[in-house]
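Note that the chains are named A, B, C and D in the order they appear, and that numbering of residues resets to 1 at the start of each chain.
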Amino acid sequence: MVESFGFNRRQFGGLVAGLTASLGAGSAWAQNTRPFKLGALNSITGAGGVYGPGMLEAIKLAVKEVNDAGGAAGRKFEIFAEDDQTRADAAVLAAKKLVEITKVEAIVGIWPSAVQLAVMPITNAAGIITMNTSGAPEIDENDKLDLVWQFYGSNVIFGRAFAETVRKLGYKRPGVMAFNNATMLAQARYFQKTWEEKGDKVVDFIPYEPNQTSYRTELDRLLSKKPDIISASSYLPDLTIILKEWYQSGIPCKFIAPGWSANETLARTLGADVVDGILSVSNVPATQNPAFKHFSSAFKAATGREPETFAAASYDMVICLALALQAAGAEATPAQIASKIRTVAEQPGKKVSSFAEGRELLLKGEKIDFDGASAPLTFTPEGRSTPDFGIYEFQKDKLVLKEVIRLT
Amino acid sequence: MALLSVHDLSAHFGAFTAFEHITFDLEQGSLTGLIGSNGAGKSTLFSAITGYLTPTSGQVLFAGTEVGRYAIEQRVRLGLTRTFQVPREFSGLTVFQNLMAAAPNQDGENLRSLVFAQGKVRQQERDNAERARGILDFLKLDKLASERASSLSGGQKKLLELGRVLMLEPRCIMLDEPFAGVNPVLIQELSNRIKDLHARGIALFVIEHDLTSLSRLVPKLYAMDRGRMIAEGAPEHVLKDPKVREAYMGGVI
Amino acid sequence: MELYVSAIAIWVLIYTLMATGLALQYGFTGLINFGVVGFVAIGAYGSGILSQHGVPVWLSIPAGAALAGLAAYPLGRVTLRLGGDYLAIVTLGFSETVRIFIIKEEWLTRGTHGMPGLPRIFEDWAGRSSGDLTLLVLLVAVNVVIFLLMRGLIRSPFGRILAAVRDNEVAAKALGKDTASFKTRALMIGSALCGLGGAFQAHYITFIGPEQYVPLMTFYVWIAIMIGGAVSIRGIVVGTVILIGFLEGSRFLRDVFGGISEVQLASVRFWLIGMALICTVLYRPQGLFGERTKGTN
Amino acid sequence: MIWVDLANATINGIVIGLLLALPALAVTLVFGIARFPNAATGDFMTFGAYTVVAAKSLLALPLAIGVAMACALTALLSLFFYWWVFRALVRRSPVASLIVSIGIALVVRSTITFFAGQSQYTIEVPLVRAWNFDGVRIVPTDLYIAGVAVTALVLTFCLLHLTPLGRRMRAVADNMELARASGINVGRVMITLFAIVGFYCGLGGVLIGIKAVVLPELGWELLLLLFAAVILGGIGSPLGAIIGMLVFSVSQEIASLWVGASYKIVFAFFLLLGVLLLRPQGILGKVRAVR
């Protein structure tokens, strides 16, 4: 019953589409009203619940922007959101629903590596694009069809960025604390690896369990080895507690933490006294880029908060996808769209920072290079964007950019 | 030699003394009663003898074996069984199944035999079913065989519990207030069954508050007060004992 | 569409295995196992790790189940002579311990990276889409076999003692039954079934990671047997169907509810699960199909 | 240096232990008197912590009033669930109450996330540096937290041992039927019980929120630890719960100086197994006789 109703509705939709097409036939902007179905598979609940909602919000903003500009290659974007609960098993069913029932052509906003790895067999079989902010190197290895795109540095690159920064700033005795999950541990390990490549040693390496009331003993254990800087591969809640306890301990030491935890929220929570001098590493063009400025003000207007890096990356996913669709044409298959992603995001081409701008130029037949809100978006052969890293320092409770490093 | 021999048994819980220095013997095939006011320690004594709680000191010998360190089920296998003050039927099973569950040494309780010795298991089931029906007839519960145990009356549940114990072919049954909450007709019935069992040579030890029924039933009585044995002997003798009268009913009887 | 429906059916059949295991433990024996997910994880990882080391799937899956059953043995020996509440807490702790073990022992489990690329069942010769259907048929067959075995077990003298233990453990002891041994065996068989479900799930998803095995899964299985009534096969199946139907159906709630955000929708879903637990126990303790035995004493 | 580490770990363990003794007390009282492990304890704590956050951010109330409000509202919440659910289950098997308490936990937590979302909140108190005695550090905030916890614990003991109400509660814990028979209004005892339990959960949740951060899983994550400590101390024994909690948290902190910190929960679990093997009734628990 439901099936036949859906069929009728689709037929009706087709009729409307046909009518609209014939009405607008004279125009050069022949509208293709077949919407582009976009799956948003976010970690709304579970461990990723801190970032997932922001990522979904960013996707909505990007889709609105695309649709306001008239859609990509005439096709409006339609969002179908699912919660993966930050779990591979839940994600598999969610992805099946998106692929089999909704018949989406791309899934964006995947956060944990586990989910990306688990849905990959499904999306690859259906030949659709996935875009994530996952860091596991296995994704690169398994993406044989070039349909998976990473909008975030892999853990390898992130860990190296930390180590290079610490070395550049002249620290000698780094200690490592890491939230015990795949992303954070890998990042911390690559920090250690990069650091120890030159014969230096880290004073200690301490993984910690999530959801503790206190990390004081772990912290004390590290502080007793007298590190001059602690590399904290952490998320916001645990970093908050760790810094609180470190500050109360009164032991002098520097901290370096990823941008998604050492951010404005942290400063607001802990106050200028605590965060002053703490280093934060994140994608550099984020705040400098027009795309970011434009996105962050829209995000703030919608949510009242500063966007997280993951949210910016999610925004970029949609814009990239839309531009690639624009370039590939309305009838392009997902694989054809995917093949255009590099074309619209990388040099050579005219720099653009919004969908409308890029669409305009593409229609004129020009080449474009979209610089996103999260990164300038240059992809490795495996389809991973390699961002530059910005080293920020809290001066009082304001983040100030100190340096930009580029890793190749 | 006595079937059950309790020697200087005491049980303390912190500052509280449940009973102390209890010494007595039960002969093979004897029928004995135990009386005492509430809190005199009778049920606790039963529990200590049958293994439900560990006494502080003293010995329990059953059929010549020191059973003080034995688990409940090991004592049961020797033939030392009990019933409860409040009947503990298997409410989800039928009356018949209640008895079947009680059958000892069933191969069907063993997963390996269930798979590899099905014939043997089936044969045992038939034999046990026959015995169970015999016991139900004996207790006049045969008409209720396929009723849920939870639907029985209090007195019927006491009979059922007795029936389950009989499936074990025990040498000694300790009955904890078999007449409590049972209507007079059924009390008579129960008394007759107990006498029948006595006639079969099973030793019976009965805690009971219904002194009239009890003294009609048993040839020998023990009396406890505040954790101590205060009298023993023939019922008419024990009931006239001033210490018992004093302790038991504040001297009313 | 067929693939999604068959995916859901496979999900139901996998959860039915777990629910059957828990029903044996709780409905038929009265054991409160709050560590279902721990046994599921052992089954999944046991089979996953073996299959990564070249053991064929048809062998690794039962091996995973057997491992889960064996893991229940020490737990049973330690806690089953104590009250039921202890088992609940100890099994809850056990499942968390399993998860942390998986996270920590990377040499074996790859830790938080999870294990991607587990072999799918039948994929080699049936291909992906028909592989799903073949798996569906296999799972139906496995469920039927398990159902028949369980029925035989419940009606056997062994099953009778389990019921006796459930109804009144002290009385079962008074009949000379080594109740701890019966409970341990029921715990082991039930846990092996949970492990079997976990192993099938692992090779169906092809990815296992520690974050999948959190206590919420345990309560999903509990809800399935509470709703359906823990003492009948029909109840177990219907309970599982309702559970999965609800979990998946709530994905479609989105199309109904316009005004609330995704976070709120997820909250609504958990809220309904909680309410389902409260209300079934409170107003329909025997489940939708169960008989009025357990929980009404 | 080792003794400095040891001292710091011990201090930290004691502070956390005292703080968690409040919910542990709530668990053991319910376990001892109402006879079931209350799995909603953790989420009552979460509720308390969020109440303070709401009081501060929405109503701009000072912290002290917020804390009082949190305790009172959590007590009301606990009473509500007693009145609606647990009251009806008094005569049923403890399993029913246990399962229902998990349902309550889910309902409370999802109600919180419905309104407050998944992101973290903090209860801001001014951060002060620790007093440093040759490397042994004591944080003044921790002292306040420990002080509040100890005061609440002392009050409980006065209530339990010095008042007629406390005597009635202990009587019900001993033997509910006997207590009922001797004229004690069990319903009233239960109402007091659940009010106290809610109060403690609320207070405990707030203190944890102050010490750490406020997240939806704040209380639920602690549940296993609470249960383990209560069993270690002996079910139903208030003093046992406190000792159990202290033993747990101090030994955990000390253990994590050597073994990987990740094995904290595993450590708790094996300690629990060990206790159950050697002394099933716990440190201060009583043997329950069979009737």
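Operating definition for what follows: a contact is a pair of C-beta atoms (placed from the backbone, for glycine too) under 8 Å apart; a residue touches a chain by one contact, two chains touch by 3 or more.
All of these numbers come straight from a predicted model, not from anything done at the bench.
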item	value
Farthest chain relative to subunit B (centres taken as mean CA coordinates)	A
Pair with more cross-chain C-beta pairs in contact, given A-C and C-D	C-D
Closest chain to the centre of mass proxy, which here is the mean CA position	C
Centre-of-Cα separation between subunit C and subunit A, whole angstrom	35
Computed distance of Cα centres, subunit D from subunit C, in Å	30
Gap in Å, rounded to a whole number, between the CA centres of subunit C and subunit B	41
Sequence positions of subunit D contacting 2 or more other chains	113, 117-118, 260, 262, 265, 290
Subunit B: positions in contact with at least two other chains	52, 84
Residues within subunit C bordering two or more other chains	100, 103, 170, 263, 266, 270, 294, 297
Subunit C-touching residues of subunit A, taken from the complex the two chains share	3, 42, 44-47, 49, 52-53, 56, 81-83, 85-89, 92-94, 96-97, 99-101, 112-114, 117-118, 120-121, 125, 136, 138, 142, 180-182, 185-186, 209
Subunit D - residues contacting subunit A, complex	1, 4-5, 8-9, 12-13, 15-16, 19-20, 113, 117-120, 122, 124, 127-130, 132, 137, 139, 141, 208, 211-213, 215-217, 221-222, 253, 256-257, 260-262, 264-265
Residues of subunit C that touch subunit D when the two form their complex	30, 32, 78-79, 81-82, 84-86, 88-90, 92-94, 96-97, 100-101, 103-104, 170, 219, 222, 226, 263-264, 266-271, 273-278, 281-282, 285, 294-297
Touching residues (chain side subunit B, partner subunit C) in the complex	50, 52, 71-73, 76-77, 81-84, 88-93, 97-98, 100-104, 106-111, 114, 121, 124-125, 150, 161, 164-165, 167-168
Residues on subunit A engaged by subunit D in the complex (per definition of touch)	44-45, 49-50, 52-53, 180, 206-209, 211-214, 216-218, 220-221, 224, 236-237, 240-241, 244, 247-250, 269-271, 273-274
